[in-house]
Amino acid sequence: MSLSQLLLTPFAGALLVLLVPGNYRVVHRFIALVTTAITALGAVSVFAAFQPGIAGMQFEEQAAWVPAAGFGFHLGVDGVNIGLVLMASLVAFAATCVSWDIEKQPKLFYILLLVMTGGALGAFLSLDLFFLYFFNELALVPTFIMMGVWGRGENRNYATFQITLYLTLGALIGLSGLALLYSQSGANTLDWVTLKAWLAEKPLSGHSQNLILPLLLVGFGTLVGLFPFHSWAAPGYAAAPSATAMMHAGVLKKVGLYVLLRVALPFCPAAMNHWATPLAVLAMGNVLYCGWVALRQRDLFLLLGNSSLAHMGFCFLGLAAANVIGVTGVVLIMVAHGLLAALSFGLAGHLTKVTGTSDIDKLGGLLKTLPFVGGALVMAFLAGCGVPGFANFPGELTVLFGAWKSFPIFVILAAWGGLLIGGVYMLRAIRDLLHGPLRDGSIQGGDAGPWRRVPFLVLLAALLYFGINPGSLSDRIAPSAERIALVKSISAPATVAATAHAAH
Amino acid sequence: MIPGLHHYLIVSGLLFSLGLFGVLARRSLLVIYMSLELMLNAANLALVAFSRFNNNLNGQVMVFFIITVAAAEVAVGLALIVALYRKRQSAHVEDLTRLKY
Amino acid sequence: MDAHAAQHAVAASSAFSSRPEDLAWFILLLPLIAAAGIAFGVRRSPFLSSTLSISATVTAFILSVALFLAFGLGGYASSPSPFSWIHVGSLNVDLGLAVDRLSVLMLVIVTGVSALVQIYSTAYLHGDPGLSRYFGSISLFTFSMLGIVLADNLVMMFVFWELVGVSSYLLIGFWFEKPSAADAAKKAFLTNRLGDFGFLLGILVVWSATGSVSFTEIGNALGGNPTALGGLASIAGLLIFCGAMGKSAQFPLHVWLPDAMEGPTPVSALIHAATMVAAGVYMLCRSYVLFQAPGAWPAHLWFLGDITALDIIAIIGGFTALLAALIAFQQDDIKRILAYSTLSQLGYMVMAVGCGGPDAAMYHLTTHAGFKALLFLGAGAVIHACHHEQDIWKMGGLWHRLPVTFRTFAIGTAALAGVPILTSGFYSKDAILVAALDGGHPVLFGLGVLVAAFTPFYMLRLVIVAFFGKPRTDAARHAHEAPMAMTWPLIALAIPSIAVAWFGLGDFLSAHFNPHFHAHEGGGLFGPFNHAPLAAVFGTGSLIFGVTAAFGIYWGATTDPLPERLGLLSRAMRNRFYFDEVYEAIFVPMHDMVGRLAAAVDRWVVSGLGIRGAHGSVELAGRALRLLQTGNLQTYTFLFAAGVAVVVFVATK
Amino acid sequence: MNYSLLSLEILVTLLGVTVLLADLWIPASARKLLGYAAATGAGVLLTYAIGSGAPADGTAFGGMFVVDALSNYFKGFFLLAALVVLLLTVDLSDTIKGYAEYCALILFATVGMLFAASANDFVLMFVALELITVTFFVLVSYDRTRSGSLEAGVKYLIMGALASAFMVFGIALIFGSAGTTNFYEIAAHQAELGKSPVFLIGLALTLVGLGFKVAAVPFQMWAPDVYQGAPPLTTAFLATGSKAAGFALLMRVAFSAVPEITAHWSRLILVIGVLTLLYGSLCAIPQRSVKRLMGYSSIANAGYLLLGMAAVSLSGSTAVLTYLGGYIFTVLAGFAVIAVISSRAGSDDVSVFAGLGQRSPILATGLTVSVVSLAGIPPMAGFFGKFLLLKAVANHAGTERFFLVALLAACVGVVISLYYYFNVIRSMFWPKSVPDLTPIAVGGATRLALVLSIVGVFYIGILPNSLVTGARQAAAGLAPQSAVAGHAAAASAPAAAHH
């Protein structure tokens, strides 16, 4: 399956759903499900066909689009995005599965979901930064609409308003950054490969870099929920329907990081060095501050939202480290967290549907009545506090290793946040939600039936596979990471004096 | 003494300001409209003066255009104002504030 | 990269070649397979689950013994070529197995105890609805534990370290509906996490200094340049030790172990006697090479002078041993007495490592694994017999009602107390005392002797109160012997408690740590008295002292006479010296307070002022600005003229 | 002289006259035919204009009238706007008193726009503008029964007359100081003219007149009232044709008459642009009347376009032209729907659009596409246009703080605009209160017009290449080289950004 076919599948599906009259609800669901399933299989095949150990792009496809303005349609995967593509398509499939019983305007819902999927895939696949942005916007808009229409909770309108405002502004600021890149580079193109070659010849002036990087960091950082631009995230996910939360928290959120990896790191190296420490500080804001906020949350979705923000902190730390280990770690986390976030929000959604509340204080002992969902949720929570065997662990470990040389103190803080703060709120959630005696009113329905388990099992399987065998990812990532990393692979062993000095 | 270009310009400038003042200060649509015509004529005066002193007739051609256009404008304008008066029994700007904010 | 790929291929091809050490792979994976089989296959049937799990473990045990005999005695370290786990830049982590004397010995212990415990559990937990889950978790635990044992690099050890934490979390919280159990599980996991935090940092320090995480490579690096760790040598050692502190429940992280007794008793026998808690000590021995490096401190910690990491470890160990023993004096819950005794013994082992006697520590670990598991299982049998009564003062006179349990329990006690010649405990404890002497720690030696006197005291207190005298409750009165499935694991465990000593295990271990080691002539059963009479005599003396004291105080007692004799001190002992209270009072509120603060800031400042503020001001600006559009032509013309003025002014300026 | 250059203008005039005369014979019952005829005529002329019939470049009336890439580019869009609006009139013909005259006036206004596109002399510029304005006085107040319409008409009349008074005075001063009113001749002497304050004042006053046309702050006051009061179709034509004509002239004057002075004024234009877009976006937030909302939105869009002009670069002008192209389709699609609904309901309050999703999918689609495109969201035309504009501004943001600020202000403006645009969508598909759900019948002509504009919006959004190429040629024909040179002096933009 070629990349363009992979990209077109969801849109084709959306068109198909559009053509089927509104009252054939089952057909809509079926089409959506099949489409995403095909997409997922295609992504798996691409992932399998992808050759590890090659740094450059693979399966490239190119077409002129607006030569007058220097935009082209350019698809391709390297180590940085191949894993994300796979993750995105898996999550999309899961999201379609969990939205099986959408009652209100299912047709529109599935169309939006498919457009969202296509947009996300397009953002990850496009090597022309214009199209990257284009597809990202294309995927964001359905998010807002889905939240506004199918969202839950009384303050969903405000949450929708907030997330729309935040993400659009963030995206636009990021876009300004890209536009500046376009003009400052003088390459008269936004094609990443061309730019990379061009800027290798004549890099951006320090002035331009210091102009572009802040815009990129603030803009795309906002899309990721970089502290202090994060407050849209938790309430947003609390208000979003499961599928939307899964897609956004899992997939779309990563686009921001992806752009930072692709653009900020290789194109603004000097500025990146200059901004590394502030960025690391903000990363601590995510890891510690959001972690502490999560400690206080008594709403399941708010808890998950804040914890996913905390995870993003590790990504920013790796980004700040900017060496091949850190970058690889960032990508590992992006993939892992995508799967994990989707899993958690999917399960939380199911749980909320069954029990009718997401208030942890009203629930308890659910493991008894919902063995599958409960068990899966336990696994999700454990994965969330960095337990080995799940994909998050190697990612966070790698980031810590990568950042150790540059930011020992921040690594110590991050380890504290990940191992302890994370452990505390995750285990507290298990304790209050699943363990202990059954609370009254917790139960109105049953566990997930065999079919309902499929999405969760798929995500869990992926999490475990990459957790047990992270090499399958890292061997693909590392060579490409080497290309965009600033600090090339650390020469070991470093001088002990330096380390000793750095550590204190 | 022989009036020079600047004399004409000063007069036309005065006329223009007069017209503008009328537009800004008066309440009756008709008066305002007359003041506007005054402003146009101030421009005409300036044009004529310029073309006379630059020995360049284009300016006077322009004047003819302006007069014609102004005539058309007046025709339409007065028709409108009359129609409005018929409708509201008033041609005062302060009665003309249904569309706002 | 290609190099890695090639290596990877080699690994894959050669991993299961016919070399004996490759058996280790099967030993490691069997329990995992069992766990997976239970999770995805026979979950529905408790019987199948237990059978699957037990058979897997037993097979693993047999293989371990085979491996032990195959070359364990030959004693050469070797490791199957690794699978690549993650290779990025200078971070290379392989999943390789270290198969040497240490690990094969541990393999035998872990698989053996695990097998017995599982057999025992079939009867102990008979009819429990969660039985399949239980066996699944226990298989997972066994797998993780074996992983720790076999890991040949720090990261892999950390991975399985965490997994052990998780699986013990599942086991302790097996009865998760019980709030106390759920809390205990949480506490155990988080306390361990605190230790792991240090462990992880330790790994980072070592990696950045030596450029590798593999034990052999680190060993080579340090061998080539002993000061490779530079100023961080001692710090690194202590950080690694933090991990041990967590798992082996050393002061100040010891608080989780007693609470962990909320889990099913067999679990306590497995986790809190033989395996998990031993992991800390094992890890210290495994990474002993780090501690042999000359200690050094960063510049501004100069005041620590030439105190080495080992010294600190020894002190912590000794202190834990004493503290736990004292607390054990005044516990009434049979399992808690054993728990604190375990703490005390672990402190002993850690102290041994600190005194430079890892072989002694491993020796005691081995013997202790046997008899402490025995004691726990025995306690389980007692509890089972007394309908889940755990207070020893509510028992009494059980010795003739539970003959098998009593005899085996007595043997266990003897071994723990260290009865000379007969029991294994004597030799291993003696080894530790010797290590303390040789290591030049007279104070710690004295402390060791003291603990050696306390141990028989509180154990005999338990035995006398629980098994002798008159039954004090109906439960005790109608107690009856446990079924076969429970009794013969006791018997099976009783054997090593006596017999281990006869195979010169100590020399076997010493030879591992010290290549130039050759056994003392005139070894055998009376060896200790020959070559280190001081330690042996003191050990025996302390035993006699403890025993007499115990008989003197408790023989025939119906209530505990100590409180009025010791008064305040005994209250403190009873309340575990208030450690939990202090922690509850400090750490938990600290994080919660910060959390509350952060949440408030997030709610009111960031999203409150930031977002709602921006939103409000924009909306307000809109509503204000549109008022300009009065609809009055006069306003319009005026603004127009003003605009013209401004534009003309700016344009011509 | 070569009349073929004026062929379009002549033909459209004839078409208008024909419609007027035909009205005398055709029975009232068959009035629709007039609309169809006018529309078909416009359509034919459109195909003729963008097809082979496009006259070769050249000048007439002694250089007053020029035909070049720019004029052809705009003329295409003027005819298109006329065509769509005329199509829309067909189904509403019963509601329009004096239908034939209405069509004819639209055509005459179109003639004015065509001339404007070709004006190369201040005199012709004035005449063309007045032709447009005076026609629109009538068109705006055409619905004489509604006092709103009359009020709007009078307001437009007064403000328009005021603007043209200033402009005429300005032209007088220009003539006085330059001795000519021809753009090329002025361009030739702009160096010394740039120093004469009289000339600068005159130029400023002239630009004021154009600023009024495009509704730029501080000359935007009329726009909301007129947009709201005028008949919807008039508003549609006002928002597309008239505005585009304003920009056509603005670009001519700025880039082919006085490029260097424009380069010096780029900051002034930039500031005006920022104020305009912020004013439009902010005031639009609390609006209930959709037509008034569109009025403010058109102010905001004028702001974005001015930013593009302020860049004073080829890429900037290209962006402006591209954006205008997409904007015309977008606005037409929106007003098509507004016209149908408001003429049905007699009101244009947002609540009238409630539940449109169920009532008439095609209308709902039309308005949604329009609004979403206005909000600048892919894959609509608005997105690409805005992107090009931001890019053009960004070209200088590297060197000039002003432009960086403008860039961020534009971002903020877009975000604000999302807010009110999505209100419209929400009320269409997810109304707060349950509206009447009687389906709305949509006539064939309206459908055609809608489909035309919707397809246009998507086409430009997804395959913008042809449009961008055209716009680029048009901008290049605008003597941009000197503009670039002038600009390079003023803002020293990286040369690579221009080609």
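Here are a few things to note about the model shown:
Order as written gives the chain letters A, B, C and D; numbering starts at 1 within each chain.
Assume a residue touches a chain if its C-beta (ideal position, glycine included) is under 8 Å from a C-beta of that chain, and two chains touch if they have at least 3 such contacts.
These numbers were taken from a predicted model, which means no experiment stands behind them.
For the interfaces B-C and C-D, the C-beta contact count is higher for C-D. Taking the mean of the C-alpha atoms as each chain's centre, chain B and chain C sit 97 Å apart. Taking the mean of the C-alpha atoms as each chain's centre, chain A and chain B sit 65 Å apart. Here the CA centre of chain C is 77 Å from the CA centre of chain D. Separation between the centroids of chain A and chain C, computed from CA atoms only, is 36 Å.
Shared contact sites, meaning residues of chain C that touch two or more other chains, fall at 626, 629, 631, 633, 637. Within chain D, contacts with two or more other chains are made by residues 154-155, 158, 162, 166, 224-225. Under the contact definition stated at the top, the residues of chain B that touch 2 or more other chains are 23, 32, 96, 98-100. Chain pairs that touch, as defined above: A-C, A-D, B-C, B-D, C-D. Interface of chain C with chain D (complex): residues 618-619, 621-623, 625-626, 628-629, 631, 633, 635-637, 639-640, 642-644, 646-648, 650-652. The part of chain C that touches chain A in the complex is made up of residues 1-2, 4-5, 8, 84-91, 155, 158-160, 162-163, 166, 173, 176-177, 179, 182-183, 185-186, 189-190, 193-194, 196-197, 200-201, 204-205, 207-212, 221, 227-232, 235, 298, 300, 591-592, 594-599, 602, 606-607, 610-611, 614-615.
Remark: chain D residues 123, 126-127, 130, 134, 137-138, 141, 144, 147-148, 150-155, 157-158, 161-162, 164-166, 168-169, 171-173, 175-176, 179-181, 224-225, 228-229 touch chain B in the complex.
Taken in their complex, chain C has these residues touching chain B: 626-627, 629-634, 637-638, 641. In the complex of the two chains, the chain B residues touching chain D come out as 9, 12, 16, 19, 23, 29, 32-33, 36, 39-40, 42-44, 46-47, 49-51, 54, 56, 58-59, 61-62, 65-66, 69, 72-73, 76-77, 80-81, 83-84, 87-88, 96, 98-100.
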